[in-house]
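Presented below is the structure to which this report refers.
Labels for the chains are A, B, C, D and E, by order of writing; each one numbers its residues from 1.
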C-alpha cells in the first residue's frame, strides 16, 4: 500500500461536509451515462470550483470495469473516484465488494433520493446502499417496424411467433448479452407468456424457453449489437426488431433509423425498467467522497434532472418526480417534440413496472440463451 | 529478358495475380463501405447514402477528446516499439546464433506471453504495476504492452538473424567493433527488413491492445483503442456512422504511423535484399 | 585495445569440431615484424589456426600469449588485429569506401584522416573507381581487394590474411604481393599469412609453417623448407611432384641407394631411413633430366605434353608403369622414348611412414 | 600458485565457451528479466487461480470445462477457424511474395498496398465486412442485380465472416514476414540451381522453399496465435453463441460476464496449452530443418 | 533440354551495368569438344561473359547461337550447361552429397545411378569423407571442390567454370587440373574456363580469349598468346613484367632499335610501331640475362631479392631509375651492381597506345 497519512489519503474515516481543498475527480463511465449527466456535472463544477477543481472523464465498456477496480484496490491505489454504470456493473461490483456503501451513513446528504419516481425507487432498492440512481427509464420490451413493410404488426406474443413463421428471417433481436433491447425482450417474455416465476430464469421460465426455441426456428441471425438490428431494420433485411423507448427515439433523431419507423407493444406486457447508477469504489479518499456527495446532491435536483431528457437516449430519463419536458434544454425539447411519441405517457402509466433480473440470474439467463437458443444454430 | 517474361505469363502466375486482385476487391469494398458510411447522413437500402456530412467525425472527436488520446497513443506505441526492439533484438540474436544449455527452455519462456490471453495475467499484472506506482500513467501502459511485444520481437527476428552470414560479424569484430557497435553498425542495417516487419507488427498489436492498456491506463493515458472499443461495444445508443468514423480515425492514425515508420527507414528497404539480383 | 608487442606465443593451440581435431597442438612464437606463412593442403586447419589467433574461434586447448599477457581470453575486437577473410566477408550494405573506413570509425579516427587513409588504401588496391559501389556489384577479385584494404587501413599490430590473393590474376597477384610486403615493411606490421601457394609463401614469408591434417609438419625459413623438407608429405606439398615408393638400399657415402626398375639411383637420405625399409623418393619435375632414348637413365615414354610458356611440362611413364613429371625446354612429342636421370643431391629419400 | 590460477580459470571458461556459455549470453538478461518480472509472476497467479475454483476442488474448473460440452467444444471451434485461416495466410503469402521478388514496375506500390490492411484494426474490418458483405451490402447488391443469385448470400454473422476477417487482418502480417524472410535468401543459389537444370518450380521447391521453411514456420506460429485468440471479430461478424464460439469468448464470458476468474483462468490456460501443442509441433518440425546463413559461399 | 551441338556462336554479346559496359561485343565461336579459357585481369568481364553464356544475365546486345538455334532466349535451366560459380553458390541446406546429386535429380536420373555417379564425382574431388557435411562446415577449398563435382557430375554439353581452382593449394590444383582435363577429354565435354592464372590457362586450353575492360584483346592458341601477344596489355598480362616506355628508333633488319638510358637495344616489332613514336618494350623476367658489373648490358643495382625455390626473383634499378624484374639461378646480394642484357627475339616492341 502507498504511504498513507493526511486527510487527502484517508479513505475510511469520517467524510467531511466539504473537501479540505478542491479535488480533481476522475469519472469513469461504463454505461454511456455521461451523454445524459455530463452537462449536470459540468454545471456543478462551474459553480463549485472550491469543491471540484477539475474533472477527468474516461469511458470503457462495462465488463472490464471490475478487473480494473480490483487491480487498483489490490494494489492500494484507487484512482477512479466515481463510476457511472448500469445494473450489470453495479451488481457485479456489489458481488465483488468493490463499492463504498456511501448511503448507509450519508444518505441524508442526498435529499433527492426521497423524490424518486416509483420505478426509480425500485431500481434504487436493487442498489442497496452501494450506488445512487441518477437516471431512469422504463425501457421495454417494444417491437419496432416500418409501417410500410409491416402494415399489420403483431399484437401479442403468439402473433409475433406466427408472423415470424410466415416470414422466416424477418424477426430479429440481438444476442441478449450484447444488447439492451435483446435482454429486455428476454426479461419481458415471462410476463407476456405468464411464466410461473418471471424472476427465476432457471426454474420459472418454462414457457419463455419454449417460446424462444420455437421462434428460433424462424430467426436466421442474432446480431452482436443492437445497432446491427437497427441497421437491418433500416435497410430492410429485418422487418420486426426488439426495441426500447430510448432505442426507438434516439436512432431516429440520429438518422440511423427512418423517422417513420413505428413501435408496437405486445398484449399484456410489463415494463422491465432500467437505470444508471453513480458508485464510488472503496479506497477513494474521504475528501473526494465529500465532493462526490455534493455533486450527486446537485445532480438529483429537478433542474439538473431535466437534462436527462436528452434526445430521447434514455427516454424519458429523469429519476425523480415532477420533472417536466418543458424544463429541459430547448434542443432536447425540440428533438423529443419531433421524434417522441405522445402514446408513451399512457403506456408508461398504464402498464406494470418490473425491475430487471439481478446480475446472477441475468447471467444464468444469458448462459442458457447462448446454449439453447443462440448455440442451437450449430447443430442445424 | 524474353525468358523471364515468359515465366510471368504462366497459369500459376495468373492464379496468383487473380488471388491478389480478388483480395484487393474485397479490401477496397470493406474499406470504402466504412469510409462512405462514415460520411453519410443516413444510409438505408440503397447503393449510396442519402446525403453527406462530416458531423460524425466532429462528434467522436469531441466525445472522446481525441487529440490528447491520439498523442498518448503515439507516445505509447513509439515507446513500446523502441523498447521492445532494444530488449528483444539482442535476445533474439543470442537465441538465433548460439547453442547453449537451456536455450529451448528460454525460447519457450519467451513464447508464453504471446500464447497466453491477457485475461490470464492482465489483472495480476495491473495489480503489480499499481503497487509499484507504474500503473495509472503512461509508464504502466508501456510496461504492460511490452510484455507481449518483447517476445513478439524475439520470435519474428530470430529467423532474420539466422539468415545473416556470421562471417560478416566476425569481420566487424576484427575491425575493432564492440558487441554494441556490431549491433548498431552491421546487424541493424542488415536486419532492417526484419526490424521493420517486427516494428510494424508490434505497433499494430500495441495500438490494438485493449485489455492490458485499459487495465493499466489512468485517465490521462488512454489510447485510441479504449475509446474505440467503448464506442463499439459499450451499452447505449450510438449511430453506426459514428462507429465507422471512429474506425476510420483509428485506421488513418495507423496509416500515418506506418508512413512515419517508413519515413525513418528507407522505404525501399522494406523489401530490399542484401544482395541485389544480377538484373 | 592492445598495442604493439614483442612476441606472440601460441602454446599448444588446439581446436576440435565435434570429435574432429581441425588443429592439434600448434606451438609457435611470432616475433614482432615477422612475416609468417601458414601453408598446407585444403582442409588442413589453416583458417582454423587463423581464426583461433583472431579470437573468432574459442580454443579447445592451449593458450596464446602476447608478451606476458594472456591473449586467448580477450574478445576479437580487443586484440587489435586486422584480418582478411577467405570468403571476403564484406559488409554487404556498405559501399566500398565505407567498408574500408569501418575499422577507422570504430577507432574514432578523425574524419579527415579517415578520408585520407581510405583513399590511400583504395589507391593501393586499385579500386579508386569503385569506391561508391556496393560489394554485390563488384567482381570476385575486386571484392577480395576491398577485404585487403579494409584490413591494412588499420595498420594493426598483427595482420591475419587468409588466402588474400587467391582470386586475383597473376599480374595483379604479383603487384599485390609486392604491395603486401611493402606494407608489411613500411608499416612495421607483423603478418600471419595463410596460403596454399608455395611460391607466394616462399617469396613473402620469413618463416613458413606447414600443416597437415591439423598438425605442424615443419617450421622453417623458405630455404629450409624448399631444400630440406622434413618428411615426404612436406616434400609433396613443396613441389616434389614425383614421389616414388621404393625400398631403401645400402648407404653410399653421405648418400643412400634406392632401386627403380632395376636401376640404382643414389639420393640424399632424410630422417635416416633404415636399409631395407620402405622409403619415399622425392624429386621435383625440374630436377629430372631428359636424355636420349639410349641414354644412361631410366627409360620412359612421353605421355602428355603440356604447354607452359617458356617450358613444357611432360608426363612420362616408365616401363614398370611409374608416372614421372618432368620439365623440358624443348617440346618432345607424345610417344617419344626418353631416359631420365637425376643428381643425387636432388633426390631425397624419406622413410615411407613419415610425417607426424 | 599464480600458474594454477592462470591455467585453471581460463580452462573453465573455455569449457563453458565450448558449450556455448560466454559473456554474450548476458544479452539475454534484459529480455529474460523483463519476462520473468512482468509475466511469470502474474501468469503464475492466474495459473494458481485456475486451481482455486469456487467449487469442485483444485481441478474443478478444468473438470467443468471438459464435462460441459458447450465449453469443451470451443476447442474444436477455435481450431476449426484458426488452423485453416493461418494456413491459408501463410500459403497464400508464399507465391505472392515470391512473385514480388523480381523487379517490375509498381512492385513497391503493390507491396505497400498489400501491407496496408495491417492498419485496419478489427473494428474497421468488422464494420466493413458487415457493410460490404452483409445482406444489403455492395457485394450482395452486385450479385443480385447481376442476377447471379436470387437471395442474398450470407457471409456475415457466421463462420465465413470471422474467417474473412482473419484473412484480412492476418494475411498482411504473413505476407510482410514472408516477403522479408524471402529477401534474405541469396539469389545466386537459385541461379546455381537453374544451371543444374532446375525449372522455376523445382528451384522454388528444392532451394527457396527449404531455406524459407524456418521463416514460414515462425510466420505460421505468429498468424496462428493471432487467429487463435480472435475475439472481437468472432463476436462482431461471427455467431458468438454458436458456430464461432471460440475459446476466448468462453474465457471472456467467464471472466467478465460471470466473474468466475478461476474458470476464466482455466480456459485461458487451456487456450495456451492447445496453442502450445500446435506450435510445439511446428517448431519441432522447424528444428529438423536447416536454419543457418542463407548465403551460398563467399562474397 | 538441348543436347550436343557442333558450334556455339557468340555474336556481339554485350552487357552493361547501369552505364558501365562490363562486356562489349564479344564475338566467339566455340567448337564442340574445345577447351576455351577466358583470361584477363580482375573486373575485366570474365564472370559476366560466363553468366551471359549460362543465361543468368540477360544480354544488353548481341545474340548466342547453338548451331542454328538461338540460345539467348532460353532460360538457364533449358540450356543444359553446367556451371561452377566463382562464389561456389552451394545450397547451404543440403549436405555435400545432395548438393552434388541435385542436378541429376532434376534430370530424373535413376536413384542407383545417381548414387554411383555422385560417389564417383566425390572421389574425383577427394571429398568422399565429407559427403555428409553441410557446406558451412567445409573449408574454402573443400567448398570449391563440391562446386566442381556438382557441375561435372552432369556431364553437360558445355561446362562453364569460373575460377574453379582459385582456392586450392598448388598440389591439389595440379591434380584437379589434370582431372578437369581428363574429364574434358573422356566425357567429350566442351569447356569454357575462366581463370586469372595464365599458367592454368596455357596448360589447359585449346584457345585463350584475353579480355580487358570488357573488350577482347586477343584470341589464340596458348603459344600464340605466349610468344606473340597482340599488344602490350596482353603482353603485360602474359608475363612480360618489364614494360619500358621508350621511343622507337630505326629498323634494323627484321628488328627495331630502341634506346634505354643511352644504350641501344634491338627488339622484335609488333604491330609496326612508327619510328620516332612512343613504344612499349616488353621483356619477361626470365629473358633478362644478368652479367657482371662491367659487362656489356644496361648497368643496374640489385634492390630486392626474393626466394622462389630453385631460382630467385630479383628487382634491380637502372641508373636512370627504371625498375627491372629478373630471375637468377644464384642469389645476388642486395646492392650488387650488375648488367642486364636481352636477346632481340625476346624483346617485343609495341606501339605505346596499343590495345583496343
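Annotations
One rule holds in what follows: contacts are C-beta pairs under 8 Å (C-beta built on N, C-alpha and C of every residue); 3 or more make two chains touch, one makes a residue touch a chain.
Owing to the predicted nature of the structure, the values given are computational and were not obtained by experimental measurement.
Separation of chain A from chain B in touch steps, taking the shortest path, is 1. Chain pair with the highest count of contacting C-beta pairs: B-D. Most remote chain with respect to chain C, judged by CA-atom centres, is A. Averaged C-alpha coordinates give centres for chain C and chain D that are 53 Å from one another. Distance between chain B and chain E, defined via averaged C-alpha coordinates, is recorded as 54 Å. Note on chain placement: the centre of chain A and the centre of chain D lie 39 Å apart, centres being C-alpha means. A straight line joining the Cα centres of chain B and chain D is 14 Å long. For chain A, residues touching at least two other chains, in rising order: 64, 67, 178, 225, 235-236.
Annotation for chain D: residues 136, 186, 188, 191, 200, 235-236, 252, 255, 292-295, 297-299 touch two or more other chains. Of all residues in chain E, those that touch two or more other chains are 55-56, 75, 86-87, 140.
For chain E in complex with chain D, the touching residues are 1, 54-56, 75-83, 85-94, 102-103, 105-107, 134-136, 140, 143, 147, 150-151, 154, 160. By the touch criterion stated above, chain D contacts chain A in their complex at residues 70, 73, 130, 134-136, 152, 154, 157, 235-236, 238-243, 245, 252-253, 255-259. Residues of chain B that touch chain A in their complex: 41-45, 64-65, 122-124, 126-131, 133, 135-136, 211, 214-215, 217-220, 222, 226-227, 229-230, 232-241, 243. For chain B in complex with chain D, the residues that touch the partner chain are 4, 7, 10, 12-13, 15-17, 19-20, 23-24, 26-27, 29-31, 33-34, 37, 45, 47, 86-88, 90-91, 93-95, 98-101, 103, 106, 109-117, 119-125, 127-128, 143-144, 146-147, 150-152, 154-156, 158-160, 162-166, 179, 193-194, 196-197, 200-201, 204, 207-208, 225, 228-229, 232-233, 240, 243-244, 246-248, 250-251, 254-255, 257-258, 267-268, 270-275, 277-279. Interface residues of chain E, counted against chain C in their complex, comprise 17, 39-43, 46-47, 86-87, 137-142, 145, 162-163, 166-174, 196-199, 202-203, 222-223, 226, 236-237, 239, 241, 284, 286, 306-310, 313.
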